[in-house]
Each structure stands twice: as C-alpha cells, then as structure tokens.
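Both of the next two complexes hold chain A, though its partner changes from chain B to chain C.
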Partner chain A sequence: MAEAIVIIGAGPAGVRAARTLAKAGHRPVLIDENMRVGGQIYRQPPPGAERAPDALYGFEAAKAVAIHRALDGLDIDYRPETLVWNAREKVLDLTGPRGSERLAFDRLIQATGATDRSIPFPGWTLPGVFSLGGSQIALKAQGCAIGRRVVFAGTGPLLPLVAYQYAKAGAQVAAVLDTSSFATKLKAAPGLLVLPKLFAKGLYYLAQLKRRGIPVIEGVDGFALEGAAKPEAITWRRGTETGRIECDAVGAGFGLRSETQLADLLGCAFAFDDLTRQWLPTKDAEGRASEQHLYLAGDGSGIAGADAAELAGERVAWTLLGDIGQAVDGTRIAILDRGLARIARFRRAIEAAYPFPHRLHAAIPDTQIVCRCEGVTAGHLKFQVEQREASEMNRLKAYSRLGMGRCQGRMCASAGAELLSHWRDVEVGTVGRLRGQAPVKPVPVA
Partner chain B sequence: MTGQFVRLAERTSAEIRFTIDGTPATARAGDTVLTAILLNRPSLGATEFTPHDRAGFCLMGACQACWVYDADGARRRGCSTLVEPGMALFTKWVPSHG
Partner chain C sequence: MIERLNPDVAIIGGGIAGCAAALALRKRGLSVVLMDKGFCGAGASGVNFGGVRRQGRSLVELPLATRSRAIWDRLPELVGEDGEFRATGHVKLARSETDMAFLEKYAADAADWGLDLKLIGPNAVRDDHPWLGRKVVGASLCADDGQANPRLVGPAFARAARRAGADIRELTRVETASFDGENFEVRAAGGLVVESRWLINVAGAWAGKVADWFGDGMPINTQVPNMVVTEPLPFFIDRSIGVCGGDIYLRQVDRGNVVFGGGAGWGDIELDRSRPRTEATQGSIAKLIDLIPALKGAMVIRSWTGFEGEMPDQLPVIGPSLTLPRLLHAFGFSGHGFQLGPAVGEVLSELVVDGETLTDIKAFALGRFRPSWQSGRCKG
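On to the complex of A and B.
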C-alpha cells in the first residue's frame, strides 16, 4: 500500500517537498492556509489583485515564479484555505472549504513557516501599527501602503527591505529605526560575505533609502508612539540622544519566530536555541524530528529564509523517500546539503548583524499592554511574578491569561518569556515555553 | 472618513459595492475584507480590552485582530477573506444578526 504522506504549508519548503515526492511517484496531500501557493515571502495576490512578478518580488521574481509553477502538471492533493487545527500521533484535524475532516497519515512533513517576532512598545496596539511582515503583505498582495507617512522600526534583514519596497512603490517612508547599530553590522560583515549576492542586496536596499533621503537611524535603544486614537509621531532614543518623527503608521518587527504549535501537539522534542532565543523542535541533519515519522523543513523549525527553505524542503523529501526504501539521488542530496551548510553560516552572521534586542524588554513600563488580545499589561505580569511567584511560562499564563487569547501567544509569548526572565534575573531558556493547545487557531464551530 | 490604507498600485479589477456597519462603501475585486474596510475607514472598530480601535496587525492569519462579522453574524477574518459584491460587514457583533 502506498504511504499516506501529508505536507503542512505551501511555502518554498512545502512546495519543494511536494514536487520531489510527486516526481518520485507519490501523491502527497499538501495543506495550506493561504489561497495560493507561495507562503508569506512569495505570497501571490488574490484573484483580481495580480501584478507583474517584477513589481511584486523585485530581485526574487524568478524564484517566486518558479515556486508558483513548481507543482504545475503534477498530481498532488492540494488543499488551500485549509487549517490544521489539531494533530496527534498519525491523525490531523482539518477545517476548510470542504468542511471539517480527520485525515490519517503515515508520514508528515511540517513546513509551517514563521511570523514576525514582536516586542511591545508604547502605542503598539494603536490602529495603524502593523507587523513588518504584515506591512509587506499589504503592499505585495494588496498594492496598498499601511498609511500616508510610514515609519519602519525594529530590526532584521526584513526592515531595510520592506522600507525600500515601500519607497520604490511610491509610499512616503518617514524613517527607518533599527535597534542594531552600524558597528554591530560592520562586525558581522565578514560572515555575511559567505553569500556575497545576498550581502550586496542588503547594501543596495540601504543605499537606495539613503539616495531617497530617508533617515536610517541605527542603534536605537527604544521607541514610543504619540497619539491617543491613532499614531501621530514616533519618538526614539539612542543613549542620551532622542528624536521625534511625525507619522500615521508604523511597521514594526524584530526578526521572525517559528510556527511550532503542531510539532508540539505531535510530541516532537524541543530544544532552546541560544542564538535566536527561541524554543525549536529538534531535527537531525537530514530533517527528521524526534518522532521518526515526522519531518521538519523551512522557517517553521528555525529561521533560515526562503532559499534554505527550498533546499530543506527537497532535502526532507529525499530523507523520507530513503526511509521508506525508495532510491535516492545521492549527488543531488550532496548539493542540497552543501547549500544548506553555506546558508547556515550566513544565518549566523545575519543573527550577529541584527541581534534580537532583548535589552528593550527591561524598559517596558508597567502600563504597557503586552498581550494584544486581552490587554494584559506588563505590570499585571510583574505582579504574578513578584507576588505570586510565577516562575515558569505556563504558570504565568494560568495566572495572567497571557497567551490565552485568540492569537494563542503568537504575538506575546516571546515578550512574556523575556520579561519573566528579566524580573527573575535568570536566563530566558530556563523559564519554559507555552504548551501547544488545540485548536491551534480559532475554528468555526457551526 | 479617511482610510488608514492608501492604494499605491492602480487596480483595474471590477468595482465592488458593499456596506460597513450599514454605510455603503466601494472596493475592488481582489481586496481582502481588511483592505476594503481600511481603504474607507481608519480602523476595524473597537477592541474589547484596550481604549482605542483596532486595525489588524499581522495580515497573515496569526494574530486574529481583524475579525469582523457578516450579515448572518458569522465571524470573518478580515485579512484572509475576500470582499464580495453586496457584502454587509459589521465591525461588531450585533445580537439581531443570524
């Protein structure tokens, strides 16, 4: 009997995995929440909002189009707009256009991707503040700017890229505020030269911002929004220096965080990654999770970017094929592994160039809302830690409701853990992580 | 009322007429419900737990801050639902629905 293979996520990793398996004679089920394949980075606009690939994806247009077409003519059980809301052992619970159903599988590839990592700052719950990735989606998939005068703030390689894309599309970009300093980036430059083309692109985006006269302020120690009902200005500080920039919208993000809830429900082992300060499902060099019928690829099991996701998606497909006794292409696997090793070295340099600025959490005021869903403040959290001795994330959740709202901690758990570790003066890796809960996202019950 | 979003890329797709809390508005085919509302309004309405309005945040189905309601009172996630002709969207749930 043929193996029942399921892939979750139709971004670059999931698509490459599906293609490799289909070409090897399988008919995998490919489940994705989006309307079209591409994931977030190569997201395709919905019908009616299409534009030329060059306008949407810039330098990456050829790669994006290749992913969009990679499944053409292949026999794949593709299920768009479908959510996997629960998973255990060898069963998934789905909800989508076909209604709700239970899907059994023999082997599962998780290519669940990532979302922005947030750090709360005064005003971040105002309408007009969006995540950096969300700001990019507004432009890419909808052809819209998030406001009339936009500031981009945070850190990470996405920050100069999205600012550049906005400026190029005709939006007014008032400033870019980066928590990583010029000196920090300069120190990381030799490592970034592992992939000279990617390094050159980063420099190009910055040069284009400067050419357009857009202030890029590096090494910022914090920022806050002015405005009671909507953003009116952003104030920033760097040491003793301060500044104020008028704006009506902010795109903010501090790197990415992996979507790991399903891996957790499936019982995968996790380990804390000191470099990115995140808990990640463990995987071996060939992409196997701790559970031998489960595989991991792409940003959902550690941020490495779209190019790595493509390589890893194909790589785990070969691993899976080998595991079920099919012939594998050793030459191709060696090429994929070399590519992944090179990107891993580059990623370490990226993390060094744009370190997650956990120092910002120490300055979060007690009145600051940390949980966007339910308005839980830092002061409320601090009370649970100092007066009720919450020393671990799940206890903090039980006491405070942090992570219990609709987003299930996707927007706040990182900040909650950083705050908890700061107040208790312990390493963030020792305060635990929120347990996954089904449904991993709200589902209709009608 | 001024919208929060600004359309930069000209859209030639069909005009779509819909309503927001009973007020007629227009959008274009290919707009999400979130885009359609934020091109017309500064927000998606009140929040439950903060003093100010909300306008969505992640735009990729993770934060759940862009829920609105249709004429039947059914919840629609604004960032992943396309606007359709004749849609009656409500920024808060009204008991008379459904």
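On to the complex of A and C.
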C-alpha cells in the first residue's frame, strides 16, 4: 500500500515538498489554512482582488509566481482553508469546508510557518496597532494600509521591508523605530555578505526610506503609544534621548516565532535555541524530527526565511523518499544542502544584526497587559512569581491564566518567559515552555 | 550526594490531600517532609473540573464531604486565599422520568445524612434556568454546593504548609520506600533519603504502586477525565451543573468561560503522558448542546486531562495499612477527590496524632478489598 503522506502548510516549504513528492509518484495531502498557496510571504489576494505580482511581491515576484504555479498539473490532494487543530500519534483532526474530519497518516511533513513575535508595550492592545506581518498582509491581500500615518517599530529584517512596501504603495510612513543600533548592524555586516544579493536588498530598502525622507531611528530602547481609543502618537527613548511622533497606526514586530504547537502535540523533542531565545523542535541535518515518521521544514522549526524554506521543503521530501526506500537524487540533495548551509550562516548574521531586544521586557510597567486574550497584566504575573512562587512557565500559566486564551500562548508566551526569567534572575531557557493543548486554534462547539 | 531528613511524618504526593495533611500536622506540632514528582497541586488536584459538590455522592461519603464543605468556606484564613471558591449551588439534571425518580430517592436518602436538596419540577426548572434544552425534565438543587479554581487550591495548601514549617520538596520523585520494623525509609530522586516514624501515601494515580511496596496492593485503576473549555461568553450559567449518569458536567467561571467535561481522554501512566481524546471532546460537545442549545457555535479554546486513581466501587481508600503500623493511605478518589481533599488532610493528621478521627471513614477501609483479611481479623 502506498504511504499516506500529509504536508501541513502550503508556504514555500510545503509547496516544494508537495511538488517533489508528487513528481516521485506520490499523492500527498497538502493542508493549508489559507485560501490559496503561497504561505504568508507569498500570500495571494483572494479571488477578485488580484494585482500584478510585481506590485505585490517586488523583488520576490518571480519566486512568488513560481511557488504559486509549482503545483500546476500535479496530482495533489490539496485542502485549502483547513485547520489542523489537533494531532496525536498518526491522526490529525481537521476542520474546514468539509466540516470536521480525522485524517490518518504514515508520514507527516510539518511546514507550519511562523508568526510575528511580540513584546508588549504601552498601547499595544489599541485598535490600530498591528503586527508587522499583519501590516504586510493588509497590504498584500487586501490592498489597504493599516492607517493614514503609520509608524513601524520593533526590529528584524521585516521592519525596513514593510516600511518600504508601505512607502512604495503610497502610504504615509511617519517613522521607523528600530531597537537594533547602527553599530550592531555594522558589526554583523561581514556575515551578511555571505548572501550579497539579500544584503544589498536590505540596504536598498533603507536607502529608499531615506530617499523619501522617512526618519529611521536605530538603537531605540523602548516606545509607548499615546491615545486612549486609538494611537495618536508614539514616544520613544534611546538612552536619555526621547522623541514623539504623531501617528494613527503602528505596525510592530520583533522578528518571527515558529509555529510549533503541532510538533509539541505530536510529541516531538524540543530544545532551547539561545540565539533566538525560542524553544524549537529538534531535527537532524536531513529534516527528521525526533519521531522518525515526522519531518520538519521551513520557518515552523526555526526561522530561516522563504528561500531556505523552499530548499528545506524539497530536502525533507527527498529525506522522506529515502526513508521509504525510493531512489533519491544525490546531486540535487548536495545542492540543496549547500544552499541551506549558506543561508544558515547568513541567518546567524541576521540574528546578530537584529537581536531580539529582550532588554525591553524589564521596562514593562505593572499595568501593561501581557496576555491579550485573558487580559493578564505584568503586575498580575509578578504577583504569581513573588507571592505564589511560580518558578516555571506552566505554573505561571496555571496561576495567572497567561496563555490560556484563544491564542494558547502563541502571542504572549515569549514575553511571559522573558518576564519570569527577569524577575527570578535566571536564564530564560531555564523557565520551561508552555505545554501545548488542543485545539491549536479555536474550533466551534458544533 | 545524599541528603538525609528525619521528620516525624513523610508524605508521598503533593495534591490537596497531601498538602492539607502537611499543614494540619504542622499545626499539631509534628515535623513533615512532603515529596512530589512534579509541582504541588499540578496532578489530579489541579486539572479536575473544579466541582465542590456533595450532591450525588455515595451516602457514605457525605460525612467527610460535609466536613470538607465547612473548610472550603474558611480557605482564606486557612491558606491565605479563597481559590476562587464560589457557593453557586449545584444542579443535577434529570433527562428522563427514571432520572427524576432517582433524584427523588437520593434526596430522601441524603436528608437522613443531613444534606438539604431541593427537587425542581419540569416547569420550575425552566423558570429557574430558561436556557436549558428540552431534554431536561427536572432537577435537584444543592444550594450550598459550589465550584472553585483547581489550579489555585492545591498550590495554596502547599504554600500554607510550607509557611507553617513543612519541608515541601517538589520535582522530587520517590523511587523506593521501605520499612525496617521501626521506621520508614523513603528514597527520592536527587539523593534524598527521608527516614520517618510515619508514612502517608497520597500519591494519587501512582498510589497503588506505593501501596504495593508494603503489601497493601489495591485494585486501583486510572481515570483520565476529558476536560474542555470555551472562550469567554456572556455570563448566564449561574450554577454548577451535572446530570444523572454523570456523562456531562459544566460550569461557567466569573470570566465567562464555560468549563465542561465528560468521557475519558487517553493516557499512559507509565509514560506519564495523557491527552484529551477527540471522540470524547466531540461526545461531550453534543451532550452540552443538548443541555444548553445556546452554546452551539461558541468556540472551544482548550482541552486537557490528567491522571486520577479509581477504585472498583468508586469510593476512595482512606485508612491505615493492612500490613504495617504507622502507614496511612488515601487515594483512589475516583474523580471526586477535589471537594474532599481539605477534609482528608485533616482526617489523616488526626489518625497520626490522635490515632482516630471523629469523621466516619469506615466505608473507605482497605480491608473491603480483602474479604479474607477482614474475616480473619473478625475471628481473631
């Protein structure tokens, strides 16, 4: 009997994996939450709202179109608008246009992608505040800006890119506030030269922002919003220096975080990554998770970007084919592995250029909401640590409700862990991680 | 490195019963070391439904449950916080005439044990709770029952015990325990050796293993309750709710989330790994909508399980060892230990200090599972 192969996620990694498997004679199931393939990076507008690829994806238009078309003519069991809300052993629970169903698999490729990483700041729960990725989706999928006068704040390679895309689309970008300093980036520049084209693109975005007279303030130590019902201005500080910029919307993000809940539910082993300060499912050099029938590819198991995701998606498909005794293309695999190694080196430089600014957590005021779903403030969390002796993330969750709401900690667990480690004065890698619980995302009582 | 401790009492298990026992023993002046493999109150004490209910219990449990109910009112003075205990009342619903007859008989029987239940007819039950579905034909109300937040209560007892001077060791898995004719010796992970005159086994789903070490083997099984919670909804379910048959139970917390349970999850106690089962979750969702149609379409945001000890007669084991002196067991609460926990702790402390308790616990004796032992003892 043929192997039942399922791929979760139709971004660059999932699509490349599906293509490779289909060409090798399989008919994989490809499950995706979106309406169309492409993932977040190459997200396609809904039918009827299409625009030219150049306008949507800029430099990446060719890559985006290639991904969108990669499955044309191939026999794949593609299931869009479908959520995998639970997984245990070799069965997935799905909900989608066909209703609720269970899907058994022999082998599973998890290409679950990533979401923005948040750090709470005063005003971050106001309407008009979006994540950086959310700001980009509004532009790409809906063709609209998040506000009339927008500030982008945070850090990471997405920060100058989204600001540039907004400016290019004609939106008014009031400023870019980057927590990474110019000196930090300069130090990382030699490493970034591993991939000169990508490095040049980053410089281009910055140059374009400067050319348009958009202030780019680097090395910011924190920011806060003014405004009761919506953002009216953002104030920032850098050492003793402060500033105030009027705006009606903010796109904020601090790099990306891998979507790892399904890997957790499936029992994959995890390890703490000191560089990015995140827990990630472990994988071997060929993309196998700790459980041998499970595979990991793309940003869902460590942020490396879309190019790496394409390579890793194909790579992991070859691994799977080898594992089930099919012939593999060794030359092709060597090319993929070299490409992945090069990007990994570049990625370390990116992390050095845009380090996760965990120092910002120390300044979070007690009144600040950290867990949005459950309305848990930093002060309430501090109470659990100081009065109820919470020493570990699941205890903190049990006492405070942090991470118990709709998002299941996807948005707040990082800040919760940073705060817990700050108050207890221990390394963030020692405070544990939230246990995953189904459903990964809310499902209806029906 | 070996660390040696010599308390009067060693306790294996940091659930509510164990922590309450530690606290009560400290108040009577005994030294206590309590060990838990994880965190106190994180096992069955922390992942259960949160019902604080006397209604529906086996009649022989009512003396203990009534004693416990009084402690629930005093949690703030006893452990420093109320554990979100609310005396919301507990309504047990009948979905058939047979159910209703059962509730009527139970109410009459329970009255002899001092439990005041109010029977509610088909019209009145809908007047009281207009959101109930058509299948409900009547109910029984225990106005004095309630609900609490299980995640808070066990840890609060643990901290109170620690403040009172108990040595609480979390993340300390007990590996072996033995008796040398005089003292117990408990060896735990990390090189801890506890030598004590008394040993209390309150290790929950793992307690059967501890009992085995001393020849007190009991027919304990494992329960894996399947728990689910919705997103916060406008508050309207003002009582904790159960049904005849117990296949669905629910309550709405102050914040608005509806917590419901029913059926069994999946669990492997050897791996110490448990998970909700989709079939159980979907089964309780169907029953939930039958009871309260307005909940259709609400979003489920989380589900969970844990391990609980279960006895064949659904009654806990509480009492002295059959084989050794100064060894006490309390386990196998069969899914309704949360409410009992505070009183069980006090009873255990009395058995240690006074050698007896005024609360009637005869029905929970270990001997009931050893007829030969019992009869032999009677003859002797």
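One rule holds in what follows: the second predicted complex is superposed on the first by the 446 of 446 C-alpha atoms of A that agree within 3 Å, B and C clash if a C-alpha of one lies under 4 Å from a C-alpha of the other, contacts with A are read in each partner's own complex, and residues count from 1 in each chain.
In this text, contacts are C-beta pairs under 8 Å (C-beta built on N, C-alpha and C of every residue); 3 or more make two chains touch, one makes a residue touch a chain.
Not measured: the values here are computed from a predicted model.
Asks: Using the overlay on chain A, decide if chain B and chain C clash or can fit next to each other.
Replies: fit
Asks: Which partner does A:406 contact after superposing on A: first (chain B), second (chain C), both, neither?
Replies: Touch partners of A:406: chain B and chain C.
Asks: A:102 in the overlay: touching chain B, chain C, both, or neither? Say first, second, both or neither.
Replies: Touch status of A:102: second partner only.
Asks: Applying the document's definition of touch, where does A:439 land relative to chain B and chain C: first, second, both, or neither?
Replies: second
Asks: Once the shared chain is lined up, is A:86 touching chain B (first), chain C (second), both, or neither of them?
Replies: Only chain C is touched by A:86; chain B is not.
Asks: Which chain makes contact with more of the residues of chain A, chain B or else chain C?
Replies: Between chain B and chain C, B touches the greater number of residues in chain A.
Asks: Is A:249 touching the first partner chain B, the second partner chain C, both, or neither of them?
Replies: first
Asks: Does chain B (first) or chain C (second) touch A:213, or do both, or does neither?
Replies: Neither chain B nor chain C is touched by A:213.
Asks: Under the stated touch criterion, which partner chain does A:126 make contact with: chain B (first), chain C (second), both, or neither?
Replies: So A:126 only meets chain B here.
Asks: Would you check which partner chain A:389 touches, where first means chain B only, second means chain C only, and both and neither mean what they say?
Replies: second
Asks: Kindly classify A:239 by the partners it touches after superposition: chain B alone (first), chain C alone (second), both, or neither?
Replies: Once the two structures are laid over each other on A, A:239 reaches no partner at all.
Asks: From the CA centre of chain A, what is the angle out to the CA centres of chain B and chain C, nearest 10°?
Replies: Superposed on A, the angle at chain A reads 80 degrees.
Asks: Just the number, please: smallest Cα separation between chain B and chain C in the overlaid arrangement, in Å.
Replies: Least C-alpha distance after superposition: 6 Å.
Asks: If I apply the document's touch criterion, which positions on chain A are contacted by chain B in one structure and by chain C in the other?
Replies: On chain A, the residues that contact chain B in one structure and chain C in the other are 374, 405-406, 442, 444, 446.
Asks: So in the complex, the part of chain C that touches chain A is made up of which residues?
Replies: 39, 42, 46, 151-152, 155-156, 159, 230-231, 255, 266, 273, 275-276, 278, 281-282, 285, 288-289, 295-304
Asks: Show me the residue ranges of chain A that touch chain B in the complex, using the header's touch definition.
Replies: 33-35, 40, 45-51, 55, 81, 115-116, 125-131, 133-135, 137-139, 141-148, 169-171, 228-230, 248-249, 259, 369, 372-375, 405-407, 410-411, 441-442, 444, 446
Asks: Which stretch or stretches of chain A touch chain C in the complex?
Replies: Residues 86, 88, 93, 100, 102, 265, 267, 374, 388-389, 392, 394-395, 398-399, 401, 404-406, 408, 437-439, 442-446 of chain A touch chain C in their complex.
Asks: For the complex, give me every residue of chain B touching chain A.
Replies: Going through chain B, the ones touching chain A are 4-11, 13-14, 28-32, 35, 38-39, 42-44, 47-50, 52-65, 67, 74-75, 79-80, 82.
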